[in-house]
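Below is one structure. I have some questions about it.
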């Protein structure tokens, strides 16, 4: 007999599958993810000024992140297609780091953690792209889930994070 | 007179544009990117065993990363569409971290840094997705360019990184 | 205090967001959009004959319009992904103009105006593409919503339009 | 008067439309499809060994099939977008043939036959791609629906097929 | 004998094909397209202010237009996939109309007229989407090619248009 | 030492990669693929009449096949993105079978076999979709490469096939 795999994304043959959520109930699902991109002093100055005078790097990243959240099931092979009903991002400049946060929601059969994480990742990659002509040393990191609610597994809050 | 914007992705009106590479020459372009995903002891054990017995998490991540590299110009708004001629990834388990590396190449008018960074990011998100049933505390980070060659700006090597 | 923005697609930071429809009820939503493409006498003759003898320009436009409606949330950054349950188009040749009409429906949390407008626009662009070898002077215009029903804002009927 | 077309995918003008399922009820829908790919003795040996030592052709095909199922409404013009809640594939090596089976489910207004058939077709094409360096004579065939349940038309079982 | 079809997008059976450009030479191709969106006084005021205080409608439209240009061969069935090397848009507010212009270039085997027209159309649809909460009467129109250069058919300039 | 894998799509770690064609020369590449779809007598009659009176099933399949060819690198994980310069399909009704043929070309670094096979597969799936309301017993099969030319491996002609 084949033993059960704790990584539920694999079938008894050991191959990846889209886990069945057919029998799950529709509940309100919310997920919040965060990440950080670190850059040089001059680069961060250009981004900070951007919104006002020269081109809004964070505005482009915001749109890319929202579009990216909608592409999650096409990007992450085992993700379910989902009808997101709300996606928003927020950015904060903190020294030479940009703090990124996404918030995604829907009423559905499975959670939106991957959508929130994808939104942050694509937003970060877009910031990198918009700034790479002046700085190739940027680093994107600390991409993590900070909150999720809804579904059978209940609410998750990452330790040490403030969530409004 | 409008002053020139060092962030070349913006036009004189301050709006994002796809930078013209129309007049650039086709040269061989290579980019290498790296990233890390950190997880709990039990999770890393399941991934490490996966390739042999229960489902190859890294194999799924590899495919997602390659497909992701091909979607870069659809994900990152100002990226040029490119005909990639080579994409590969490598993973190494190091304690409770998975080290990820992508290598992308083509002969073309612009570099493939964003494609390499996207491959690593999508591979990391896929690992997260495959393991999140057992571990929601994973963190993806240190996503950075380590090498690029080709084009007018020449070769870039990130300090402190070994590249074969 | 940040004042409320009548353009609901912007968050309090002034950045675009996908408006939350999480709490809205599922109701039947219908939208009808129209547009026109104007072309030279010889071109319109070729299109009119096409369905019978030489190649059905409008048949290709019809399919492109339906596929386009399904891509709306990928094309228009702040649109919600929606499970359309009905899409159809109709064309009428009127002098040297082709009148285009799309009709889209679903039961869902938000309206399908953008899907109907996208269907007409992509159909019109496809007609342009199929005919541009003989006529580059074509003009696409009068793309507008003529009817919508469902949702809290109720029924909209554009003045001066006949709708069956 | 225009007579009714038994091919319901056409409107009264004889042009393709997305059939309205707006008024249908949400019911559980399941579909199972099968197909076969035939190849040379040496090729089948390489595939059979692959899972263990040299590269898992069927693992790549599995992922491509699942991603393909999710793209069905983008590939098949008149298909409705659907929120699949379960997709899995299975492969069996039988002489010099690989037997492929997909199983797709959701609760929705229309069936998932096309999603199941697309999953098998894309999985087969991927096997072809992974092996074509050593064998260009492979043939993909016998792609058919073997089971469907749910909806007004009820359960379909293809004669002569065993389904668990 | 089948007579030749002046609509080159059809094959001798009367079915649509992707016209062969296999034997064409790579030359520099440029296309400029324009369009207009007309809206109420209050709506245009909100858009005009947007860039400064409340949310940059035109910035979102710009990004959607550039992403749309890159999707042209996926949207317009017979269009060739092309590696665009430059895309930019410009907007001008003129009374209660927004004038839109796109400019696309590459070195390749076929022209970029459809890419320029698609950029304008998707930008216009995005403006509609961002403003439709306050104005459903907007009309998008006058979408036309104003300039193209490169290739065997030479330079096209639309009569009565100023192009820099 | 890791032995070389005859399945070149795998890297030395046994994971799938996009094979490098970076150093290959651009040559003219052509591929022809064929397939068959078998259906009931009544169904084939409806398809045969369709082009004339009631809706052109094969016209829809033709467009889906061409769009499918352009999506190949998104569908088949290890395929290179390619700028196809010519795609056409042909259909022939032979008893209760529809014979399908695709022909794809470009000048590039790698062949278009997968694009030709994908075009035939997606065309066949579309025929299935358009007819499934009257016939669920259809079978799609005999999907195979019949001709390829260009590149280092030279010309391939499948035995027993006539190619014009």
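Odds and ends about this structure:
So that you can tell them apart, the chains are marked A, B, C, D, E and F in the order they are listed, and the count of residues begins at 1 in each.
The rule is short, and it goes like this: a residue touches a chain if its C-beta (ideal position, glycine included) is under 8 Å from a C-beta of that chain, and two chains touch if they have at least 3 such contacts.
For clarity, every value in this text was computed on a predicted model and none was experimentally measured.
Both chain A and chain C are touched by D, E. Among the remaining chains, those touching chain C and also chain E are A, F. Using CA-based centroids throughout, the chain positioned farthest away from chain A is F.
Among the other chains, the CA centroid farthest from that of chain C is the one of B. Of the two chain pairs considered here, D-F and B-F, the higher C-beta contact count falls to D-F.
For this pair, chain B with chain C, the centres built from the Cα atoms lie 36 Å apart. Distance between chain A and chain E, defined via averaged C-alpha coordinates, is recorded as 31 Å.
With touch defined as above, residues shared between interfaces to two or more other chains in chain D number as follows: 11, 15-16, 56, 59-60, 63-64, 67, 71, 74, 77-78, 81-83. Here, these are the chain pairs in contact: A-B, A-C, A-D, A-E, B-D, B-E, B-F, C-D, C-E, C-F, D-F, E-F.
Those residues of chain C lying in contact with chain A across their complex are 11, 13, 15-22, 24, 73-74, 77-78, 80-83, 108-109.
The touching residues of chain D, counted against chain A in their complex, run 28, 58-59, 62-63, 66-67, 70-71, 81-91, 105-107.
Looking at the complex, you find that chain E touches chain C at residues 5-10, 14-16, 35, 46, 50, 53-57, 60, 63-64, 67-68, 71, 74-79, 113-114, 117-118, 121-122, 124-126, 128-134, 136-145, 148, 156, 158. In the complex of the two chains, the chain B residues touching chain D come out as 56, 59-60, 63-64, 67.
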